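Chain lettering (A, B, C and D) follows the sequence in which the chains are written, and residue indices restart at 1 in each chain.
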Amino acid sequence: MKVGIIGASGYSGEVLVKLLLGHPRVTLAAVTSRTLAGQPLASVMPAVRGIDRGLKFVDSDAAALAAGDIDLFFLALPHGAAAVYAQALVAAGKRVIDLSADFRIADLATYRKYYGEHHAPELLPSARFVIPELTPPAWKKEAKLVAAPGCYPTSILIPLVPLLAGGLVTREHIVANSFSGVSGAGRKVEESYLFVERAESAKAYGLVKHRHLAEIEEQLALRTGAPTIIQFNPHLAPMRRGIATTITVPAAKGATIEAVYAAWAKAYGASPFVQVLSAGQTPDTAHTVGTNRIDISAAHDPRTGNFLLTSAEDNLMKGASGQAVQIMNLWCGFEETAGLR
Amino acid sequence: MKVGIIGASGYSGEVLVKLLLGHPRVTLAAVTSRTLAGQPLASVMPAVRGIDRGLKFVDSDAAALAAGDIDLFFLALPHGAAAVYAQALVAAGKRVIDLSADFRIADLATYRKYYGEHHAPELLPSARFVIPELTPPAWKKEAKLVAAPGCYPTSILIPLVPLLAGGLVTREHIVANSFSGVSGAGRKVEESYLFVERAESAKAYGLVKHRHLAEIEEQLALRTGAPTIIQFNPHLAPMRRGIATTITVPAAKGATIEAVYAAWAKAYGASPFVQVLSAGQTPDTAHTVGTNRIDISAAHDPRTGNFLLTSAEDNLMKGASGQAVQIMNLWCGFEETAGLR
Amino acid sequence: MKVGIIGASGYSGEVLVKLLLGHPRVTLAAVTSRTLAGQPLASVMPAVRGIDRGLKFVDSDAAALAAGDIDLFFLALPHGAAAVYAQALVAAGKRVIDLSADFRIADLATYRKYYGEHHAPELLPSARFVIPELTPPAWKKEAKLVAAPGCYPTSILIPLVPLLAGGLVTREHIVANSFSGVSGAGRKVEESYLFVERAESAKAYGLVKHRHLAEIEEQLALRTGAPTIIQFNPHLAPMRRGIATTITVPAAKGATIEAVYAAWAKAYGASPFVQVLSAGQTPDTAHTVGTNRIDISAAHDPRTGNFLLTSAEDNLMKGASGQAVQIMNLWCGFEETAGLR
Amino acid sequence: MKVGIIGASGYSGEVLVKLLLGHPRVTLAAVTSRTLAGQPLASVMPAVRGIDRGLKFVDSDAAALAAGDIDLFFLALPHGAAAVYAQALVAAGKRVIDLSADFRIADLATYRKYYGEHHAPELLPSARFVIPELTPPAWKKEAKLVAAPGCYPTSILIPLVPLLAGGLVTREHIVANSFSGVSGAGRKVEESYLFVERAESAKAYGLVKHRHLAEIEEQLALRTGAPTIIQFNPHLAPMRRGIATTITVPAAKGATIEAVYAAWAKAYGASPFVQVLSAGQTPDTAHTVGTNRIDISAAHDPRTGNFLLTSAEDNLMKGASGQAVQIMNLWCGFEETAGLR
C-alpha cells in the first residue's frame, strides 16, 4: 500500500518518515514540504541517511496528491493548516490520518474556544479521535479521517479512563502533572528552546489553559459516561524526548489498588503497547523512548485516600507518530504492531 | 568567627565548603571526615582548587572538636549519624546547624514512624527547624541546635504557608508535585544514579511515604494553625541541580489571585531570598541554581477553582547549604545575605 | 537460525538483545547470565518490555550450551571471561562472535602487553578481527570465531585505512582525538560514572596507553602494508551514546581532497553502513545513534598540509552490537542489513 | 570606581553583569543595550533577580557615556560593533576592555584576512591583547584599550606558550583539539543551537579556518620567539559551559615531563587562576565552571614522542568575562582575585 506524508519538517514528521520507511506493509511514496521541495530526505533528516531510498521532498499540491495513486496520507502540518489537504484527500476517497489538533475535537464550540475558527467543519462528523486502546472499534468503519491524539492526552487518558469508567475514582479533584522533553514543543526556532536555555532547566508552562484540555476533557466525557474537569499542569524537562505524567485522583469509596489493577488488566491485557507495571515500580521515560509503548503504574495512599497513577511514553512515538502508525495498522487491517517493534 | 563542618563528603557538604571559604565573616577552621582525614580539600573537591587555603580534612573526633575553639559547627552527616556530635557540641556550648533530618521533627512519635529510633531525643526540646522566612524569630534565642530543612519541604512550605495561614486556600486536596535534579539523591554510588541511567530520563519515585512528609506536615500544622495532610509526589529529572515544585490547591471561597499576591508581599516583601514573579511567569530552576533564591509564582484556574503555586530553587543552596549559611548569618547577627551573593 | 547471547548484562548486551529479538532471520533462543538466571529479560531490560517473548535469563553453562541446538553465540562478557565459553563452543562447531577484546589481537605478545595473560591462545589462529568494510572476505570461510572490534578502533580505522593504504597520507604524526558517550565505559557502578559527575563535564582520560591502541595499530599494519603508530586521545562527553573522532594526519605529497574522496568512494561506495558526507559537512553523533551507520567526512588544511578526517558513530551500535549483528549477517549469508534498518 | 558594560545581552555579558554586581571594588553604574533600554536587568537576566540593585538597561549613546563619570567600560558587543564606542571612550580617556575580537589582532593584514575591514585601525597601536599570566606587565602602562582573548585561545596558549618559549616542544605538528559547551557559540537563535539538536550530540565544526587561529598564532609568534602554525580543531559538546582542550605536540629532543612541569611551575607558580594538576590527572571542565580557573596537566607518550597537554576552563569565565574582570583588577591596581572567588 502506498502512503504519503504531507508536511514532514518537524520532529514528529521525522519520526514518521523513519517508521514508514521501515514498515513491512507500506511503501512511502511521497513526502511533501513547500519549503523543502526538491531536496533529498536525507539532506534534511540525517537520521535517514542510507535508508531513504533516494526519496526527495515534493511540493504540497493537494489536488495532485488527491488524484494520485497513494492510498493513505498522514498530515503532519502545523495546526490550522490541514484543512485544505483533508478536504481534497477525503473527497478523493483517500484515508487520512492527521497528527494536528484540527480534527481531534468533535464539538465545534469547544474547538473555537481553544483554537479559533475551524477551516473544515464539514469534515468533523466523519472524523474520529482515536486512541486504539480506548476508542470503540467502530471507528475503523466510520472514520473517513482519523485524528491522532496529542502527546499529553494519551499519557493521561490511558491510565485514567478505565478507572473513571469503572467508578474506581471520583470525578473531582483530579490533578495531572506532566513533564515533557523539549521536542514536545516542536521545532520552533525561539530563544527559549535553545540548548543553553533548556539544559539543566525545569519549569511549568501553559498552566490553566493548555490546548490539550479540550481533547482530554471531551474524551473523558465520551469514554467515561459523564463530563469531567481536570487540573492539567505541564512542565518542560531538560531532555529531548519522553513524557512522565503523574495523576492524583481520590479513590472512590471502597475502591482498592487491586481493583485498579483488575480494571487495567481488563482494559489493556491484550494491548501490545500498554505495559502495566507493578504497584512498586514507577515508569521511566527512558525505558519507553524509541518504542510505541506507554508504561503505567498505580499506588494508593491510605493517608490521603488518593490513587497515584503514573505513566511514561515517548512524546514522538506513542504520543504522536508511533500511535499514528498503530492507527494505520488497525485501519488497514495490518498486524497492530507492524513496523512498530 | 571560626566554623567547622563535620562530614562534608556529599554534594551539599561540598557546596557548604565553598560558601564558607568565601564567607566574609567566618573562617572555615576544620572540615572533618572519617574516611578522608589527612587529604587536602582540593584533592577531593576539585571545585575548590586554589581557594581551599591548604585546608585538609581532619578526623571526626567529637570530644576534640567540642574542646576546641571553633564556635559553630555544621553537621553534614548521613541521617542518623549526627547524634553523637550534636550531643558533645551542644553540651560544650557550641552552636550547631544540622543539615540532616535528625532534628527537624519535634514530635518523637512522628520521627520514629518515618526514620526509626532517635539517637538523641533529649536534644529535641532545644532544637529548632528553621526556614528563616517562616519561622518566628524567637528561634534565634531559644535554639541550641538548628535543623536546616529538607530541599523539597522548603520548596513547598514557602509558597503554601502564608496562603494556608491566611485562609486563602483549603486544607483538603492539596497536591504538591516536585521535580528534582539528581544531586538531591545524594552521592550514592548505585546503578540507578549512573549517568547512563539518569540522562534523558524522568520518573516518579518515593510516592506515598517520602520522609519529607514528616517535616512538611509538622510545619504546616505549626505555622498555619491546624493539621494539614498533603499529597507529595517527587520525581527525578535529568539535571544535576534544581527543584521545580507545582502545588495544586483549591482556592478558599472568595479568595482571589490578588489576595494571594498580597499575602506573599506581606510575608516575603522584605525577604532577600524569596522572589515573587508575576502571575504570568513560571519559575525556572536554571535561574536559581547557584543562588540562595527561591522564585515563586501563582495562577488561578477559574474552571477548577484551584490555585497553582509554582516554585524553583537550587536543592543544594536554598534547599540545603545556602539556607544553612543563611541560618548562621541570622543566628550570629551577620547580615542575612553575607556570603550568599 | 537459533542464536544465543552469553552474558548480556551490560549496555552493549542490552542493545544486542533488542537487535536479535527483532531480527527477521534468527530466533534469540537463550540469554545467559550467572547473576540474573531465572529473571525475565524485561525485568532487567525495561526497554524490551512487551517484545521479549517471555524470555528469561538462563545460567551460563558452557557445556550445556555447546551441546544444545543453538547455532551461533554472541559473547558479551567482561574482558578475560570469554575464554571458557569460546573454547567449549568452538570445539562443538558453533559459530562464535565475541564482543570483548579477548580475540581481537592476533599477536600474543601484543595482547599480553596490554591485557595480561591470554586464557585461550590456541584459538587465536582461527579467530578473526572483522570490520566488514575493511577485512578481506576470506574471514567468512576461515574464521571459527570472530572478534567484533572496539568502538574507538572502528571510528578510527574506517576513515583512515583506505587513505594510508592508498598512500594519500603519511605514516607519521597521526593524531586521533575521540569523544565518547558515557555508555562506552560500560555499566560500572563507580563514582566517576554517576550522573552528577558526568553531566556538563568533558575530560580526557586513558591517554598514552589506552588498550584500544593494540587493535588499532595491529589492524593498521595488517591493512595498510606497514606498521604505523598513532597518538590516540580519548575523552568522555556528557552524553549517553555516540563517538565523534577527529583524525589529524599530514597529507602525502601531492594528495588532494578529491583523491581522498575517490579512495573512500572506492572503498565504501557499496557499503550500506558507511555514509560519506561532503567536505563541507561534519558528522554529528546524534545523527547516527540508534543506527548501525558511521558517517565520515574530510577536509584539507592548506596552511598545515594536514587532512582532517572526522567520523561519528553510535558506540553501542556500529561500535559494538550493531557491527556484531552485521558480522553475523555476512557470516551466515543473510542480507548484510538484515535486522539493522 | 564606576564601571559600565556596553551591550550585555549575550551569555558572556550576563556573566559579566553578575561578576561586577558582586565586585567589592567597583560599582556597576550602567549596562547598555539598544534593544533592551528601559528594561530592568532582572527581567532580562533572571539569574540576577534580587541583586541587580534595580538597575535598568540604558541606551547605548557613545558620546553620553564618554562624557559621564564612569571610569572603565567593558564592551560586550558583537564582533565589528565595538569601534564606535572604543573610539569615543578612549578619546575621552576612559579605560576600555573589549570582549570582542576587534582589537585582539595587532597585525591589520591578519585581521582583514579573518574578519574583513577594521573599523578603528588607529586604535590598534594602543590596544593590547592580554592574558594576564602570559602578557608582559608593560601592558598596564601602555594600553589604552585591552582586548580580552577568545575562549579557545586562552585554553591553548596557557599550556603551550611556556613550553614553546622554553624549547621543550617542537614548532611543527602541533594539533589542538577543543570541545566546547554550546554557550561558546553565543546566544544565536538558530536551529542548530536548539536543545533538541544539541543534546546528546558531539560534532566538529569550524575546521581549517576558525577565526581564533588569528590571535592564537599571533600570540604564539609574539610570546615564543618565532612564528608557529597549529592545527586547531574545535568541537561542540552537549553541555552549556566549559572548554576541554587537548594539545598533541612532539617533545623537543631531550625534553622530559619533569622539564614541562618545571616550566609550568616557573610560569604559573604565582598565578592564582592556573592550577597545575599532576601528570596522572586530567582536567575536567565541570571542576572549573563558575570559577575563573584553568586547570592544566601534561603527559608524555614514549611511543610517539609526543607531549599531551590538557586544559579545562569555563568558556564564559576564564574564557571571557572572568578573565576580563581579572584584567580590570590588574589594570586598576586591585587585588588580582577581587570579585573572582
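Keep this in mind: contacts are C-beta pairs under 8 Å (C-beta built on N, C-alpha and C of every residue); 3 or more make two chains touch, one makes a residue touch a chain.
Keep in mind that what you see is a predicted model, and the values were worked out from it rather than measured.
A.B. asks: If you tally contacting C-beta pairs, which comes out ahead, C-D or B-C? Let me know.
C.D. replies: Most C-beta pairs in contact, of the two: C-D.
A.B. asks: Pick from A-B, B-D or A-D: which pair repeats the contacts of A-C, with over half of them the same residue pairs?
C.D. replies: B-D
A.B. asks: How many Å are there between the centre of chain B and the centre of chain D, using C-alpha atoms for each centre?
C.D. replies: That gives a centre separation of 37 Å.
A.B. asks: Go ahead and note the Å separation of the Cα centroids belonging to chain C and chain D.
C.D. replies: Result: the chain centres lie 39 Å from each other.
A.B. asks: In angstrom, rounded to a whole number, how far apart do the mean CA points of chain B and chain C lie?
C.D. replies: One centre to the other, that is 47 Å.
A.B. asks: Can you list the chain B residues in contact with two or more other chains?
C.D. replies: 197, 199-200, 238-240, 284 - these are the residues of chain B that touch more than one other chain.
A.B. asks: Which of the residues in chain B come into contact with chain A in the complex?
C.D. replies: 173, 175, 177, 179, 181, 197, 199-205, 207-208, 229-231, 233, 235, 237-242, 244, 246, 248, 250, 282-286, 289, 299-301, 303-304, 306, 308, 310, 312
A.B. asks: What does chain B use to touch chain C in their complex?
C.D. replies: Checking each residue of chain B against chain C gives 11, 182-183, 187, 189-191, 193-200, 238-240.
A.B. asks: Within their complex, state which residues of chain C touch chain A.
C.D. replies: On the chain C side, the touching residues are 22, 46-47, 49-51, 199-200, 272-273, 275, 284, 287, 290-291, 293, 295, 341.
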